[in-house]
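My structure is below; once you've seen it, I'll send some questions.
Chain lettering (A, B, C and D) follows the sequence in which the chains are written, and residue indices restart at 1 in each chain.
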Amino acid sequence: MLFFLETVISGLLAGVMYSLVALGFVLIFKASGVFNFAQGVLALFAALTLVGLLSGTTPFTHVDNPALAMPAWAAIPATILVMVLIAVLVERFILRHLVNQDQIILFMSMVGLAYVLEGAGDIIWGSDVKVIDLGLPQGAWDWLLDSHGLYIEKIELVAAGVAGALVIVLAIFFQKTRIGRALRAVADDHQAALSVGISLRTIWIIVWSVAGVVALVTGVMWGAKSGIQFSLSLIALKALPVLILGGFESIPGAIVGGLIIGVGEKLAEVYGGEVIVALFGRWIEIDPGIFTATENWFAYVLALVFLLFRPQGLFGEKIIERV
Amino acid sequence: MKLRKWIVTAAAAVVAMPLAIGSASAYELTIPSMDYRTGPYAPNGIPFANGWTDYWTMLNERDGGINGVKIKVVPCETAYNTKQGVECYEKTKNEGSGALVYQPLSTGITYQLIPKASVDKIPIHSMGYGRTSAANGKVFKWVFNFPATYWSQASALVKYIGEQEGGMDKLKGKKIYLVYHNSAYGKEPIRTLQELSKKHGFTYQGLAVDHPGQEQKATWLKIRREKPDWILMWGWGVMNQVAIKEAASIRFPMDRFIGVWWSGSENDVKPAGEAAKGYLSGAFHQPGSNFPVHKDIVKHVYDAGKATDPAFKDRVGEVLYNRGLVAAMWASEAIRKAMEIHNTKELTGAMMRDGYEALDVDEARLKELGAEGLTIPVKITCENHEGPRKVAVQQWDGRQWKIVSDFYEPDMDVIQPLIDEDSQKFAKENNITPRDCK
Amino acid sequence: MNVMTKPTITEDHRTIGDVQMEVKNITLRFGGVTAIHNTSFNIRHGEIRAIIGPNGAGKTSMLNVINGFYHPQEGTITFKGEERRDMRPHIAATQGIARTFQNVALFKGMTTLDNIMTGRSLKMKKNIFWQILYEGPAKMEEIENRKFVETIIDFLEIQHIRRMPVGKLPYGLQKRVELGRALAMEPELLLLDEPMAGMNVEEKEDMSRFIIDINEEFGTTIALIEHDMGVVMDLSDRVVVLDHGELIADGTPDEVQKNQDVIDAYLGVAHD
Amino acid sequence: MFYRESGQFKTGYAADQAVFPILQDRWGVLLMLIIGFVGVPLVIDDYWANAVFIPFLAYSLAALGLNILTGYCGQLSLGTGGFLAVGAYSSYKLMTGFPELDMILVLLGAGAITALVGLLFGLPSLRIKGFYLAVATLAAQFFLIWLFYKVPWFYNYNATGQITVPPREALGFLVTTQKADIVVRYLFILSIVTVFAIAAKNMVRGRIGRSWMAIRDMDIAAELIGIRPFATKLSAFAVSSFFIGVAGALIFSVWLGAAESGETFGIIESFLVLFMIIIGGLGSVLGSFLGAAFIVLMPIGVKNVLVDWFGFTAVFAKHVEITTFGVLIIFFLIVEPHGLARLWQIIKEKMRLWPFPH
């Protein structure tokens, strides 16, 4: 029972990590209808930039120069600045030219952007595994493990806390600030946003900057687990089932969807083999290891099955089609 | 035929893709370098590629090549991708006077090249990876996989475990789990371990991790619950780093966690930091840069400004760097042997193959090469392309890797039948009559 | 109310036959909103039947019920003697109900010709293997249907835009192509949802002429929704008036025009 | 000047419905076929065949398949890699299970099996649309790849899960393995692709093609004229998967000779094929070929130019190549979102009118 609890908690915490990635997607989709496939690479790029600044790496030559190393209080704002710059560039060179195009075209342009950022990240910062040192705690929560035999990783608790804080900040931003309200308006109607007095372009830049900050947080959290390297960009694939479950436009959907996916896939991976053996083991000999390495697809199937019963997603409303 | 050749050249020139700017000047030994400095596995590809390339550059700079013949290294970026690997192979195989040997550096690419090699008559050295049954030189004339295969390694690592437990008979009732990359590479040791578990009576269980392996919490929860006595890992890329961290988090004893030799580099343990202390991995060569050959490389390559990757200077001597270096060293020795056998300085791939098959680098020769103790002596024969089959265990002490055990020989009673079976299956499928090695 | 029930010959010598479609006690709700409430009327062979009413009266919903796109909670639809709980789009299509839409629903990426050819889908039976082969039966079938489509193109006078993607056509022409696509189905009952919306006087005259010609030459029954009262009164044999989802009048144009409820509805008099 | 249709009168609907109604187009296509079947074999060598022509043809077929589903029927799919894998593994099972089978039958069998799998994964399209469907097709991608690793039956219980092609003949010519003559392999794949391209063209200009496009443009209206959306979508999934399955079988048996599910048919393949049809042109047979040519040739071209001409190091060139790839994709999307095929059409329009601009 304790182990089951442990699995569920781990699932929830992993789910928070997925939500974090999904959040970046949702923000951009809500405001601009762009399915930002580059979010994963954006997270990688942000984390690479932060590490580069922290360790004083000279861009392009990849040589570390400790004399140029920035302290964290300077490096983090500087990285955010870089993300804002990327937002401006994306608006200037991509979005501006693709207004009113089909969604699939916008989507593909984001895949193109992913390639550009991937190449640029490698050229500027090099492709070694980098270790990020922001003093994040490592390992299991000792007290819980020693006294109750319950295993929870500290970094995941921190990530959950950070994600929670991020969601609250975003909620306040969307509800209470003028820009936030304009952003919400834009999600419903582009004209309406213009009437609020903020240009569409400004809104895009802002929303991309916010997504950039989310990407930075995502990159740091995931990077703390695995080191910062190219594979980080593949976490985008982890967020997609969360998105179909929670809906492309719903922030609560991204959170709850992430939790469901996290728990679901952990339970499947841990207990799936046993269940299959229990069900079919009587007739055929089954290797209990058969149901391992399912984490890549199980989440998708879970989301898919869910979608078949509720096509509008978790928090979506049923759409009445009109002709 | 002449016309066809002429048209080929013309077409190549016109369509602006110079395949072979054949320098009509002096003969050079063409050594392709199948790098992967990009993509998800770049962190592992970079040190190897540097070790491989630096050694050749050093030979050119220090000795003016081999027996006076300059070496031309032709890099081609595969990004660890099979299709790009094939493109690289086709592009470089006719470069200059023809490629002499391929070090494909990926199991996927190796499988592609095995059938091509025998047709194009270029040897392949898949050093410690690729198709295990290629150890059978009777069937796989053009493929070499010394100094040891995955199967040998799996067996050697089990021997190490047995020794630690106080004898092979103590393995009975123990649990040995394998955490593996869900790919052809990761599945290599499974059959060997299954056979060994039958023989020694330990419980074996495989746990697959899907590419890329960023998230493996469930796998480690399972391990936490089932408490195996030992874990072996056939991991690759980001999977290694995450696994080591997770193992540390669940407080699995690191000195009972052994990686394959592709899961035992500085990259793999660094993100885990202190927590990785005690982690073990397979090895067939020493890490470190205190060998004379390294000093020569730093002097003739890095300090002379001839390095392809100058920023790498401080990392010379890393595990994967030395692996690339050792591979190049063996290849250069094969070149010398080939020149000796055929009494010519202008080698072809076919001659090079003969050089590999006659390769004999003993302790004395290693010393001459400035690599005494760097690796094990290698002697290849017609029927045995796997050579010495010796594997040691190295340990991460928090700052660097160190070999902490003897070199173990695998249990050939178990492995030889597996090799015979698999190679004969290949021979049958492809209508190959095994050579007579007399 | 004077509801005609027997076959009659109109002044312009058309034959109006038996009841073709009977809509009985239809109630349609979306969630809590009732779009149509307990509405019954019929459509007779060969007539031009208009459905009118103020905005939001449930006219388009009614058409959607008739060709099976919406499924009413209560009521029945009888078409060609078969009584159904509700209609299904493909049954409607196979039984000869065709339709145009309020906001042109053409296939924007296809040419005029291809759009109208899609209307022939149900008439083309050759399976996928013949189509892959193309030469032979599939080609014969294609040409046969193409000939039919060309007569429609001639009839609607749109030869010059045959090869143009419809997305780029002006609105009036799009409406005409849409009519062509519906005609290609050789329908027995043609539903037109505001066929003249957004047209200038000249275009409206053209469209009226087409509607009359279709009705007279092919004998097609037509049910149309239209806001332009002049057109409705000119064209239709009988008129149904809906308001707030309820039927408030049914009869000849003259009768309907004089009906007090109708006048109130159009003048916006509050219901009590 | 030379590209005119004046003076060419059509004398019947048959002529008007021909694939290439304009004479010059017919000559152009004929010329391409002559070059493809006669010219290229004269000059082809291993590099050009294995790195350029065979991949180009195999990917063209895959792109054609995806274009039927996405370009013609409007169902976005990211499962192409998985379906390619189904084609490859089923061809492997057919080749090893029935050694006597002619390669052509093996390909058709692999296509049919993939079509069935495609039907299965097309079922969700009944209820979900757009990006939701696209992400759902990723389930197919990941699940199928996993399956081919996990179930040993698919790779005949060999040690690793790598499948290697056995030597097989088509109509008496050896077409697989390295021992097959490179020209024969090239001509084999070219013939297959040509036949499938014609089949695709015939389908898209007939009733079934119009049904697909109707569903793509407005499924509700299509339903109301008697086109059943679900059956039509499923037919697109089946036909598309058939094409992709054959392409996967060709990639495995004729091009690479060995394959490993995740390595050869990973998610990246799904994106590459999608790129091909978007850059080439959605809903265009010609576009599938142009897109495949662009995606196959671009990286090789950039690499050769950078490394051989400008002497960049291989690794820097690779990074530049990745970046350039991204930039070019964005550039093309901005300049001509309807793809190279549309660009070609515009050029033709211009030539038709030349030298008079209006």
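Definition applied: a residue touches a chain if its C-beta (ideal position, glycine included) is under 8 Å from a C-beta of that chain, and two chains touch if they have at least 3 such contacts.
Model, not experiment: these values are computed from the prediction.
Q: Tell me the fewest steps from chain B to chain C, where a step is a jump to a chain it touches.
A: So the least number of steps between the two chains is 2.
Q: Which chain has its Cα centroid closest to the overall Cα centroid?
A: When every chain is reduced to its C-alpha mean, the one closest to the whole-protein mean is D.
Q: Measuring between Cα centroids, what's the chain most distant from chain C?
A: B
Q: In whole angstrom, what separates the CA-based centres of chain A and chain D?
A: 32
Q: Any idea how many Å lie between the Cα centroids of chain B and chain D?
A: Roughly 36 Å, centre to centre.
Q: Taking each chain's centre as the mean of its CA atoms, how far is chain A from chain C in angstrom?
A: 50
Q: Note the residues in chain C that touch 2 or more other chains, in rising order.
A: Touching at least two other chains: 69, 101, 105.
Q: Which residues does chain B have that touch at least 2 chains other than itself?
A: Where chain B meets two or more other chains at a single residue, that happens at 37-38, 182, 208, 210-211.
Q: Multi-chain contacts only, two chains or more: what residues does chain A have there?
A: If we look for residues of chain A contacting two or more partner chains, we find 122, 293-294, 296, 323.
Q: Looking at the complex, which residues from chain A come into contact with chain B?
A: Within the complex, chain A contacts chain B at residues 3, 6-7, 10-11, 14, 17, 61-63, 122, 126-129, 131, 138-140, 145, 151, 153, 222, 225-227, 229-232, 234-235, 238, 265-266, 268-270, 287-289, 292-296.
Q: Can you list the chain A residues touching chain D in their complex?
A: Residues in contact with chain D: 35, 93-94, 97-98, 101-105, 107-109, 111-120, 122-123, 237, 240-241, 243-244, 248, 290, 293-294, 296-297, 300-301, 303-304, 307-308, 311, 313, 321, 323.
Q: Which residues of chain C touch chain D in their complex?
A: Interface residues on chain C, with respect to chain D: 67-69, 89-90, 92-94, 98-99, 101, 105-110, 114, 117-122, 124, 126, 128, 131-134, 138-139, 141-143, 146-147, 150, 181-182, 185.
Q: Along chain B, where are the residues that touch chain A in the complex?
A: The contact residues of chain B facing chain A are 37-40, 42-43, 46, 182, 205-219, 221-222, 224-225, 237-238, 241-242, 245, 248-251, 267, 270-271, 273, 275, 311.
Q: Could you pull out which chain D residues touch chain A in their complex?
A: Its residues touching chain A are 70, 76, 124, 127-128, 130-132, 135-136, 138-139, 142-143, 145-146, 149-150, 220-221, 224, 267, 271, 274-275, 278, 282, 316, 319-330, 333-334, 337.
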